[in-house]
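First chain A sits with chain B, and in the next complex the same chain sits with chain C.
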Partner chain A sequence: MKLRFNRKQLCIPYAVFLILFVIFPLLVLVYHAFTNGQGKFTFSNFTAFFSSTNTLGTLLYSFAVAAVTTLVCLAIAYPTAYILARSNFKKKYALLLLFILPMWINFTLRVTALKEILTLIEGNISKYQFFNSVTGMTYDFLPFMILPLYTSLSKLDKSYLEAAADLGAGKFTTFMRVTLPLSVPGIISGVTMVFLPSMTNYVVLDMLYNSTYIMGSLIGSYFSAYDWNNGALISLVLLVIIFIVTLATNRFSEKDSGNRGTLL
Partner chain B sequence: MSLVKRFFSAFAAAAIIFPCFVGFAGCKKSDSAITLRVCSWEEYIDEGDREEGINPMVDDFTEWFNSSHDYKVKVEYSTFGTNEDLYNSLSLGDVYDLVCPSDYMIMKLIAEDECLDYSDEFFDVAAEENYYVNNVSPYIDGIFKANGWDKKAACYMWGTTGLVYNTDKLKNTKDVSTWKILLNEAYKRQVTVKDNVRDAYFATLGIINSDKLGGEITSAERSALLNDVDARTIEEAERVLKKIKENVYSFETDAGKSDMVTGKVIANYQWSGDAVYIMDEAENDGKTLWYSVPDECANLWFDGWLMLKRGINGNGQRRVAAEAFVNFLSRPDNAVRNMEYIGYTSAIAGDEVYEYINDSYASGGAEETLEYDVSYFFGGDCKIIADKADFGFDGTNINRGRQLFAQYPPQNVIDRSVIMMDFGDKLSDINAMWISVRCQDLKDISPVAIGVTAAVAAVAVTGILLYVFRYRIFGKYKPKKGYEKVEK
Partner chain C sequence: MKKYLGIIWLVLVLAFIYVPVVVLAVYSFTDASMVGASANGFSFKNYVNLFADEGLRNMIFGTIVLAVVCAAVSTVLATFGAIGAFYSKKVTKSLLNAVNQIPVVNADIVTGFSICVLLIVIMQVSKDTYIPLGLGHIVLTAPFVYLSILPKLKQMDNSLYEAALDLGATPAQALFKVVIPQLIPGILSGFMLAVTLSLDDYFVTTYTKPSTFDTISTYVVNATKGSQTEAKTALWALSTLIFIVVIVAVVLMNVLSGRKKEKKNESR
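Right, the complex of A and B next:
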């Protein structure tokens, strides 16, 4: 018998993967989020989440950690990416590699090393918990900000800048009117890649001794008390937040979707 | 069980069992071995990688069993990280024959009728290979019998909780004789606590009830005080734990050991077995650390082997293999091997264990010695002539010491130690309390801070929006002086 494949059948492996590991777990998640321990339908997990000052406070705290991390990453990454993209330096790929290189090392190892460095600088790292968390996250996620920015900045057509200069724009005006708007897709891409994971990456906080929970650790603490329902609901809330952010950013950069720094 | 849950667990079970079947079928043809599925703590058995020429304990067991029985056994040894992980994996449908959880999880699994009774043969003292019943310490056996666990659980390791500390950096040795060190401002950010609600709650109850526990008190009253899960007590504990959170270096799951050895912290809330490990490690670095059990109370904990009904599933051969596994680990020479490897104290009290302890700790040419009484554990009048300099005293009572003290606490520590029961249906209340301690409560942020942050965020967002939509809002772009816009 001759085996024939048409194009549609090629997606079967992925479809199976999708159903087994994405759709099915998602359904289980939704089921647990809207039932109680006895399997009865309820909104009580939902109302408990939005009426407790603890969970809302944690949401706010996670937002704060993530927002500060994102801003710091952006502040460091933009100039770096700008210089890298602009320089005629022959070895700039080697420089770029320097930023990607740490990602090849397991991140728990990197954070352990960071812990020692911070101890050396601060003496007692548990006194600066928020600062350390942000530092750890920045250390962890910086490459995710640099690469999309670098991609979008290096794709920028130089003739735009020449035209701007011809029309009398100074360096600052050129940057504000030409370079910055054209790099917005890169910024958005980088921001999403840094902001969303840093809301839940509680391993960094744990390892750097921040004793305040963020969303990820809150979910974990419910699971360890066999409370699947509340844990599932919080995961679902996070999922919705991520969905909304992704939707909003996609709309923002729809026009340049081909230009997004999807190197990673 | 709900339909979805059942479907999910069936699915999970299928995923796990399916490869077993394949493996099973494969073996059946060749030598018809049965598979014993054992699940225990990480690094909780001699893995044979410490010295050349020593096999992993599990391999030794297989060899021993296969040479003495007319059928063969194959051990699938897996590990878990926390009791809750084990429970969750069991409730998701993972199947094990033999598991080794801690005290409260043993109670929970027994209460949920998941465990099989050990057989009568297991308790037959006449049979030499029944190493467990023949060698288990009378002290441990007594506790298990008193609580009614002896038929279903076989103790593996046991110990206390206390504080590992660095004498040189301590301001006053009295400070480590109380759980209040966790609140002591003099050690701000220099003491670590275990990152789990049970240990944290226990120490907190010790602090709250400090006065009562220090006075005349019966052991039943002591146990009641330290197993108090009354709503008002939980509320009080929350208040204290919030202060502890602001005062301690960290809540740690594993990092405390290395932080203690490297000297990042002065004291470290620790289980006795890990305390021994830390003191050994520090000794290798040329440092001397001590272990103290606070005067208020100690948590007496133990880990034990349970046979699970769902795993054994009425299979006699598998039950025999599971019991043989427990017995093999309880053979005194093997108990010594495991103790040496993991640093915890075995529940086995055979002569070889006593000799090992005596060899390790008996003082050779110390200036002053004392007779350290371990008779409660080994029976008879077992004593160890130990170096007096390795112990600290409160009056005549030994209340702190080094490895020997941590492994076999003296009678006065035993007297004030308490078994912490399973929280039962209060678990969700206590967990809610713990979450409340660990979360940033919205109420605790000052309204001014929220206001300022919100204002800054609002200004930033409006600024960006105004900038992006500036032409739509403020009208067309006007060229600079000297330039003019070219209309098409």
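Right, the complex of A and C next:
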């Protein structure tokens, strides 16, 4: 008898890999977050985080940077995606590529370029830290907002717009009551693509003016100090935020995976 | 008038995106030490430095090797994972899909840090073995390959596999000669995505890399913080080269896929 080969078994290596290197590390993080350096169970990392004005301030500051960055990206990306999707340029797709091409250029190199320009314009860039933080993050993440918005706006069925016009809606009403609601999935996935990274990507700020105050930088500094327990705690806080955002947005967003540059 | 407003908006956004990169590209051909500083005319000095410096050369080479090797491993692992999951029971399938989603939505910094704590702190794997770095990049990229293959599996004509078996092919032959060829576009785009994600990564790399090894990202961050002008301006040349490579790649892809579409239309 021939050994029967089962297609289902093909997923075993990947499943084992995911358990070992995705689930297991997260469990280890949880363990570290609730123990001290000697491996004893403790809430002290936790209470220290939520009682220190320093760490709480960092949490608030990163929320502020991330929220403003997301809003600015949305304000720039929505009209851009809208104009592109509605336009009748012959090479619409090539034009879209121009807007999202920076995705494929290493972000540290792009931030280097931005830093030189900001230095040229402002002189001393550490003077306007909040403004520059938002500018840097926007520069880094804008393509990730434009792509999902364009995808959802270009899928929009034109006959809805015609129907709205036939039924007597003006342009503004049509936009507010047809286009905008139908583009919500795009907005949501764009927002998650920008909000979470701008809470954690401290390198952008680090490169701009050598000092940072967002959640990611806390992990960075605990890492350099070999303080795994506190680093794990910050990671856990971030995980909870990510979990909440994912739960909240899952209801709206369709399953589109291709927002991190899959256009190729 | 309204149409012009739209075009003006697009031009402004493009200017925001490209002015820094292009200005840097222009200055990369001078011997100026910072943008805006006076330059003594045209110079290839930065490009010569980029290729003459062995450290820089090794760094670029290492980054590319790391990206390609990890992307290849990710692609194999995730392709079989996706095929297996597709034919599995609903429970297994949705469990795998859910776990696969974790690194996708997770912040890279948390992924990197958690792998660092597990492998380096608890299991005491030496960073110098490159094992934590490689595994980290595979964790980062494999889920995206998995995601780019799933839709192709759904579009696949299932009866072809059955037909192959009926015609006497072994399941393995049917898999490699019938199923996988149908998935090639998804596998390829997954691989490309994995390469670009790995090239762009900073956080996973910085928490898992050997101290003597640098990728482009970690090298650039150290160089901009440092005061060495020569290393800094050589990176302008690197940035310009990558910019050109990306443009050429995108244009080529576009032309190629455009041709394919034309052929398809002609044959109809």
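Here, the second predicted complex is superposed on the first by the 243 of 264 C-alpha atoms of A that agree within 3 Å, B and C clash if a C-alpha of one lies under 4 Å from a C-alpha of the other, contacts with A are read in each partner's own complex, and residues count from 1 in each chain.
Assume a residue touches a chain if its C-beta (ideal position, glycine included) is under 8 Å from a C-beta of that chain, and two chains touch if they have at least 3 such contacts.
Just so we're clear, the structure is a prediction, and the values are computed from it rather than from any experiment.
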Does the superposition put A:Phe223 against chain B (first), chain C (second), both, or neither? both
With both complexes superposed on chain A, which partner does A:Gly168 reach: first (chain B), second (chain C), both or neither? first
Going by the contact rule set out at the top, does A:Thr200 touch chain B (first), chain C (second), both, or neither? second
Considering only the touch criterion stated at the top, classify A:Thr119 as touching first (chain B), second (chain C), both, or neither. both
Chain touching more of chain A, residue-wise (chain B, chain C): C
Once the shared chain is lined up, is A:Thr35 touching chain B (first), chain C (second), both, or neither of them? first
Touching both chain B and chain C, residues of chain A: 28, 119, 206-207, 223
Provide the residue numbers of chain A that touch chain B in the complex, in ascending order. 28, 31, 35, 39, 53-58, 60-61, 64, 119, 124, 126-127, 167-168, 206-207, 209, 211-213, 217-218, 221-227
Can you tell me which positions in chain B touch chain A when the two form their complex? 1-2, 4-5, 8, 82, 84-85, 87-88, 91, 189-190, 195, 245, 248-253, 255, 264, 427-428, 431, 434-436, 438-445, 453, 480, 483
Would you pull the chain A residues touching chain C in the complex into a rising list? 2, 4-15, 17-19, 21-26, 28-29, 32, 76, 79-80, 83-84, 87, 93-95, 97-99, 101-117, 119-120, 139, 142-143, 192, 196-197, 199-201, 203, 206-207, 210, 216, 219-220, 223, 228, 231-232, 235, 238-239, 242, 246, 257-258, 260-262, 264
Residue ranges of chain C touching chain A (in the complex, touch as defined): 6, 9-10, 13-14, 16-17, 19-21, 23-24, 27, 34-36, 77-78, 80-85, 87-89, 92, 96, 99-100, 102-111, 113-118, 121-122, 135, 138-139, 142, 144, 146-148, 150, 170-172, 175, 189, 192-193, 196-197, 199-200, 202-203, 207, 216-217, 220-221, 224-225, 232, 235-236, 238-239, 242-243, 246-247, 249-250, 253-254
